[in-house]
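Across the two complexes that follow, subunit A remains constant while its partner is subunit B and subsequently subunit C.
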Partner chain A sequence: MDLWFTENHTENVRFSIKVDKQLYTGQSEFQRIDIFDSEEFGRVLALDGYVMLTEKDEFMYHEMIVHVPMCVHPNPRKILVIGGGDGGTVRELVKYSSVESVDLVEIDEEVVTACKEYLPQTAGMLEDPRVNTHFEDGLKFIRHHENEYDLIIVDSTDPFGPGEGLFTREFYGNCYKALTDDGIMVNQHESPFYANDAYAMQRAHKQIVNSFPIARVYQAHIPTYPSGHWLFGFASKKYHPYNDVDFEKWKKLGLKLKYYNTNLHSASFALPTYVEELLKDVE
Partner chain B sequence: MKNLSQESAPILEALEKMKRLRLVPFDVPGHKRGRGNPELTEFLGEKCLSVDVNSMKMLDNLCHPVSVIREAEQLAAEAFGAAHAFFMIGGTTSAVQTMILTACKRGDKIIMPRNVHRSAINALILCGATPIYIDPEMDKSLGISLGMSYRAVEEAVKANPDAKAILVNNPTYYGICSNVEALAKLAHEHGMLLLADEAHGTHFYFHDKLPAGAMTVGADMAALSMHKSGGSLTQSSMLLIGPNVSEGYVHQIINLTQTTSGSYLLMASLDISRRNLALRGKEIFDKVIEMVEYAREEINAIGDYYAYSRELVNGDSIYDFDITKLSIFTRSVGLAGIEVYDLLRDEYDIQTEFGDIANILAYISVGDRPKDIERLVAALSEIRRNYRKDRSGMLEAEYINPQVCCPPQEAFYAPKRSLPIADTAGKVCSEFVMCYPPGIPILAPGELITPQILEYIRYAKKKGCSMTGPEDMDIEHLNVMEGSGK
Partner chain C sequence: MDLWFTENHTENVRFSIKVDKQLYTGQSEFQRIDIFDSEEFGRVLALDGYVMLTEKDEFMYHEMIVHVPMCVHPNPRKILVIGGGDGGTVRELVKYSSVESVDLVEIDEEVVTACKEYLPQTAGMLEDPRVNTHFEDGLKFIRHHENEYDLIIVDSTDPFGPGEGLFTREFYGNCYKALTDDGIMVNQHESPFYANDAYAMQRAHKQIVNSFPIARVYQAHIPTYPSGHWLFGFASKKYHPYNDVDFEKWKKLGLKLKYYNTNLHSASFALPTYVEELLKDVE
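Right, the complex of A and B next:
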């Protein structure tokens, strides 16, 4: 059998994965949800036809969106994750015993249900007692919180579809308000490579720069995302992303990871020149 | 005439039939189904250009409808409960003007609130009628003008028994209704017509939680912006008439100014929208009401902002309130409505309908999605957090009672002189000055310019309202009547 999943990375570029078998298909109020098995990448979650994660490379994304800010913040106890219904971000967070609570705000309950059933690799820690799951619009949830979280992780889909509102100035402003005085916000920041993604990336950066005193961008390699070159936003009220970070303290935690390490931490903020220029254009 | 049901859409069906025939067009429009203008076709789409056609036998003719347009108009009349409906392709402006030109000739009087849309006063310039203005009461704290109180209209009717008609906004831009039923009775008792500007009231006819549509409570004519809450294309509107108005005469009036090349895109959009409203109107406005009620509650929970609703109703000058209108009082945040309007657009990529000096109006329709409502609420809450100001020094809007020195037509055509705006106090204005939107004149031709009015114009300009009307587009100069004032 020759069954292929194809995602259009641009109008002129396609990315295909050979499918072994389809495990789940559902149409929720918000989007179409597909989970399938593949030889190369293991299980794959796609929303509206866009790859959200694969078992093979999700560690790259989830480690980078979580451990960078967790290493910077000296005492992160109360965490908010917006999006991230697959559970991968939560899985990384609950590795820290210092974390007292994680609020997971996912708009689409069916994503969580499907992931719990078919993607235990990421969803396995959603039942941790410190985790509270809320099925609600992130923009709505955040509006009602003030001076409450040490860290907010915006683990969103793309800036079209259900994740649209999570790339707006009003959302970032509300995150600022919901953070404590030394809080950090990290977000999925799209890619600098293809024109449409780069445009979304610039817009997001512009809005974050307008909302936070410290706004930097760092990168990772994620093979199944368009161009494989992906960015994260690091926005902070007080802490610089790599100067004055107590890396030794973090190392003593002894976490066993596959992508993130403290050398990579600072290096990931060193960006290619064309990316720096894209960012400067909107600062 | 065929027996038609609301499920049919005669103009749409005729256009589809016409497409199947693959006629060879040796008639206008010259783009010939778009082939002659590839750039336009690329931009608008082939489907759109292929029905941008001229009237022909199978498509009827808007200037003299006898087949499919007439059928579509009859279905519309039935859907709205009117004796007849006219499809209008010159906007609600053309419908309002037709109402007034039908009711009034040169020298006739017409009773209307001063907060009418410019199109109504423009009609007076065209026909030479004289307005008898009713002072719409003002809500001092919100800074908005209201509906007409029954008592005030009654007095005007007694003082001007020879007036030909009463014009009423149903509702105002902000959603406020007068007692149309009582006013219609009053008009009829005195041999006058009741005309309703329902530019913002199309949806009233399709939901029982909304104020009464004017035609259902005795109005003689109503102008409806189908392109606002009805969902049709911009510039398409509807004029409804009751049994006491001559259809043929109204037709003649319409044809005085209407194009002889009516757009089938606009007409088809009216036909399709009428069908949609007739079949699904209740459902559609259920959804809109739910979204607006939710937004109102959330906005009022932010603090300082006041998204008002039915609680304003006072049985007279606010006889009813259109709950689909999301009008928000912003002055309590220390910001003029126009400032919030600008911030929403420039900083948050949110375009609202308009901002005046104390309010904004967010237009909510069936096209909105809950997540967009969340963005609006979140942005308003952010604007309050980041931009809130001290409220002192903010101008309170007041109703400025116009002093009409001569009828609009006479003033407009009188010999005039252009003066720097600061030097015009005491003169009689011969042109309009207004903020657009909402397009309600601050000054109309024939009205006395007072220091208070000049102060209001200066303030509105400073806050960033977009001002229109005068011949001098920058509004540095105003035309005044030669020899008027000191």
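Right, the complex of A and C next:
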């Protein structure tokens, strides 16, 4: 039997992965959860039919959403992750001994349960004693926190379904309030290439620009996401994303990574002209 | 009727494009040539079943293979393009009034004929009076030229089929000889992500390192190529790819581009750690 997983990147573009074995399928209160093994990408997590991560390339996404802000902030101690139930973002965060606590706010407990069983590569570090997992709606959680976090990472699904509220002005405004005076917020920011994704990316950027004094966008190559060209939003109260960053201090930590490095840090903020223009259109 | 074009990125990964209308199919002496229209990508050229270009994203590839070396070289007058029968590389080159002549060496006349009819977006500038088209094997053409070109662009197909010889040490050595004392060679360098592509990329890099004193690799996001993460090789006798480049002089040319810009120029040489390691493995 020949099994293929197919994701529609748009109505007219399909990306298909040959499946070795389907391991888990569940329908939670929020979404459909699938986990399968594949020859090319190893284990794959899909939510509502969209690839969230694969064993082969999840390091690209998780390293870039975590180490860029962690290198910029001189002393990140208290961190909030919204979404990210697969645990990959937490895994990268707990590599820093300076981190005192990580609040993980994931709306869907079944994602965490399934990942703990089938994706120890990402979910294994959710057991770190510094990590507190809250099964709540991030949109509501953030309303009750003020001047508390050094860094907020919005590791959401796409801006439809359960992740929709995490792309709104209300949410970004509440993140601003929940951050300390020199806090940073980073979010996954969709792709600039396909029209619907680009529109979501433009709207998110507009809301962030309206909420933070410093708002920039950086990019990475993530082959299993639509177009392979993925953006992240960098929003900050005080620190510029690459000027005056103490890269030497970060290097001394000696973290062993596979994607992120300090050369690539600044370079990832240099965007193609058409992306710069999409961002300017909404500023 | 629902028509889909499907490319196997690997044995276990497929990328499919919904086809509006098939426009041209031919079998030349060298390869199968297909041109079709699609809703998402506009017109598409495929050779032997592999997407060579689409109207929507060809600018990314052509701008990056041309403007990076054209910005580095202070006075590029005589240029050789090997492959590139679709004309996109030539279109970018003739934007420079400093260019005196472009030799285009394409092995397959039927590619040029088909592109002139169906892809005026890229092939239109092949009529520029400075362009001389030679329907020859680039591998043989290059043997008879010495100290002649300021820039050679190897705009080849993949390293199997007709493009195979354009990834060999003999070929790169002959390119070295065909260049003037301060010449630059740039080539399309495959992707680092899928194992077979990465292996081809490593081999090509090794041959180039052995042939040129300066050999570096830069990257771009090209969504319709496998993984969307595409590399280019920059090989040079004298000029460093980004130190001491006169970016201000280039900006004064006032070229209107959609991908390349001078910030992105240097940034595109900052590679992910895993790619740096693949390249080091063969040096």
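The working rule: the second predicted complex is superposed on the first by the 283 of 283 C-alpha atoms of A that agree within 3 Å, B and C clash if a C-alpha of one lies under 4 Å from a C-alpha of the other, contacts with A are read in each partner's own complex, and residues count from 1 in each chain.
The rule is short, and it goes like this: a residue touches a chain if its C-beta (ideal position, glycine included) is under 8 Å from a C-beta of that chain, and two chains touch if they have at least 3 such contacts.
Because the structure is a prediction, the values reported are computed rather than measured.
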Go through the superposed model and pick first if A:Asp137 touches only subunit B, second if only subunit C, both, or neither.
-> first
First, second, both or neither for A:Tyr199, with subunit B first and subunit C second = neither
Considering only the touch criterion stated at the top, classify A:Phe15 as touching first (subunit B), second (subunit C), both, or neither.
-> second
Which partner does A:Gly165 contact after superposing on A: first (subunit B), second (subunit C), both, neither?
-> first
Check the residue A:Gly173 against both partner chains and state whether it touches subunit B (first), subunit C (second), both, or neither.
-> first
May I ask you to decide whether A:Ser266 touches subunit B, subunit C, both, or neither, giving the answer as first, second, both or neither?
-> second
Which partner reaches more residues of subunit A (counting touched residues only), subunit B or subunit C | C
Intersection of subunit A interface sets (partners subunit B, subunit C) = none
The answer for subunit A against subunit B in the complex is residues 137, 139-140, 142-143, 162, 164-165, 168-171, 173-174, 177, 210
Interface with subunit A, subunit B side, in the complex: residues 298, 347-349, 370-371, 374-375, 377-379, 381-382, 385-386
Contact set on subunit C toward subunit A in their complex = 4, 10-18, 38-40, 57, 60, 193-194, 219, 221, 223, 227-229, 257-261, 263-264, 266-274, 276
